[in-house]
């Protein structure tokens, strides 16, 4: 559902760009990463994975609280919206990478695959929270999110091993 | 009896008024990433704000001069203007963050997108500043802000491992996933959130607004010395909730909707209702205070007529300045910039500007020309000098740490 | 003239040696009485050899708190003195020139 | 002259001593009703003539006015506004010098208040409730 291909033009290279930060810091970070002699692709992916895990965890917690009757619908949907926004931000940082080597290209592809899956699960979860009948149920949403979280953590472990 | 009620009201207002969007966000972020290992900073910050708020209140009561008049007069026009520019910009950032916070809290309550709430929030702030009596404004937002105590209640209901929490708080250490620079960056952010300069501008100007005399000093001292530390405990409870629920789940706080999840977990929908009222009241109260503070600083620097105790027409430039500030905040917010991000930056920039505010207060509080017999005692001066050193160190370290850590990522 | 023009100007003795800069102007309220306050007559200028900024006035009062600020600021203004109006020969673009044999008084106020 | 503490004290004078930086500049000015008017941005003196040798016995210049307005900008950034652009509050209107300078007249008719009056009459008073007394 969310698998639209954003950003057709050549993406800006933002090595080392991490969570939710204005572009001002990009310059500083570029310099820092150049000084440190690292490409930045690996760290961008691992930050994106970390942030996405946090977003998925938030969504899981919100759904869990909603299904146990502790959270109002407005609060749940806001939390899910915020999670989706954070996930999309992370996904964009990975999309904007321009990998230099074959290995990096593979890593980016793999990460994007997982992040897309996460976005899709999160969107389903949001629909589950919003719908009263017919659509996906809360347990469905929770299951999907759990699967997404597993894939993220697998990617994180692999990524951390590199 | 009436007097006792007055004292109680003052203390309760001080507690409820202590927490603003900066404290909420920073404490939740820190709790979700560092557990309680930074609680000591809240302690240091609260002691500092008690010290200097009390001092500025005493200056205002003894001389009738509010903080920025004192700053201009002691630092002269050049350093005074540099100070005004810095303080005013940070204050403007804080106004923006608070209005954004009101809107975010309203979204949590209504699921109507926060961008739609922003004009409503800004208009409401202006109406109160324009129309409502100072003491009513203070008491209502302060008392409603007290509902944030639900953070402490939720913390108890969550039945955390108290020994573990105490261990984190008493033997602070940098968690394995975080680096030392990040730890210190957030230490400065927490310090800035607790000691934000606008609180002193507002406190001293409020003393003039309410026409304090030396007789009222006892009351003000109780408000500060009891209310602020209890407000600080509230901040700690926010961090504690995040540390108990969000940290183990691997959630790093980046939005206001995450801040309230632990309360829902611990206290359910009732807790949620309380926390939403508290969020709106605390951010709305702080939006009022910061909007007024931006008017106060400008008016006091340039010598304009100011004060809510006057008719708006008798403080025309003061009111116009506040209207313009609200419009600027509104304009910044409608660009879609994340209010939580604005908040995170505003607390760090506050920490940078701290020495500019607190040094002149300390100097004037020692000047018998202003204070008569109510000059600072020696213990207060020693403590204040220690704080100036801390404040200076935090201020100097803030920018380098911000660059090294990429603003705390 | 405007006081702002006077503050910060260089001060020379009659031989042309630079003594410092005008840090402040002292007035005395003893002139022709008016309805409200008497006229304020220029009594003299405070000259500081090291810094023209009259920082907080610590150099002229007995204030000792909060340590160590007063000591620091006094040190910054060490050697400042007061010259009376009678000892000023000329105020010009080059600065303030003092009369031969002028007296340097203590700048203390109390 | 070398050592600060060795200097002779100033011969006693009958009136009150006021140091410009310490007691006058940058202080708040309030009118006879206690309404803030402005701050003292600068001071105007009656003399002396510049670049002229002062004969012994020349009468000392006196304070003629408190200044405000554009002079604040030039005091901070340098330069000097033309004399016609100075906004003056005559020294004769000053009734008391303390932590604030009190005037013996109402601020309503002073030149120093024209911006305030303009904003009041053109903007603030026209917004509903602009003349509402909050107390």
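Think of it as A, B, C and D in the order they're written, each chain with its own count starting at 1.
Assume contacts are C-beta pairs under 8 Å (C-beta built on N, C-alpha and C of every residue); 3 or more make two chains touch, one makes a residue touch a chain.
Just so it is clear, the structure is predicted and the values come from calculations on it, not from any experiment.
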Computing the C-alpha centre of each chain, which chain sits at the greatest distance from chain A?
C
Central subunit by CA centre of mass proxy:
B
Between chain D and chain C, distance of the C-alpha-averaged centres to the nearest whole Å
19
Just give me the whole-number Å value for how far the CA centre of chain A lies from that of chain C.
67
In whole angstrom, how far does the Cα centroid of chain B sit from the Cα centroid of chain C?
42
Quick one: chain A and chain B, Cα centre-to-centre, how many Å?
33
By residue number and range, which residues of chain A touch two or more other chains?
none
Check each residue of chain B and list the ones that touch at least two other chains.
76
Chain D: positions in contact with at least two other chains:
21, 25, 75
Would you please name all pairs of chains that touch?
A-B, B-C, B-D, C-D
If we count contacts the way the header does, which residues on chain C are in touch with chain D in the complex?
1-7, 23-31, 34-44, 46, 54, 57, 60, 78-82, 84-86, 88-93, 99, 103-109
Which residues of chain A touch chain B in the complex?
16, 18-22, 25, 28-29, 32, 47, 50-51, 53-54, 57-58, 60-62, 65, 69-75, 77-79, 81-82, 85-86
Along chain B, where are the residues that touch chain D in the complex?
63-65, 69, 72-73, 76-78, 80-81, 130-134, 299, 301-306, 308-314, 316-317, 319-320, 369-370
Using the touch definition from the top, list the residues of chain D that touch chain C in their complex.
1-5, 7-10, 13-22, 24-25, 42-45, 47-48, 50-54, 56-57, 60-63, 67, 71, 74-75, 80, 86, 91-97, 104
Mind listing the chain B positions that touch chain C in their complex?
74, 76, 362-363, 366-368, 375-376, 378, 381, 384-385
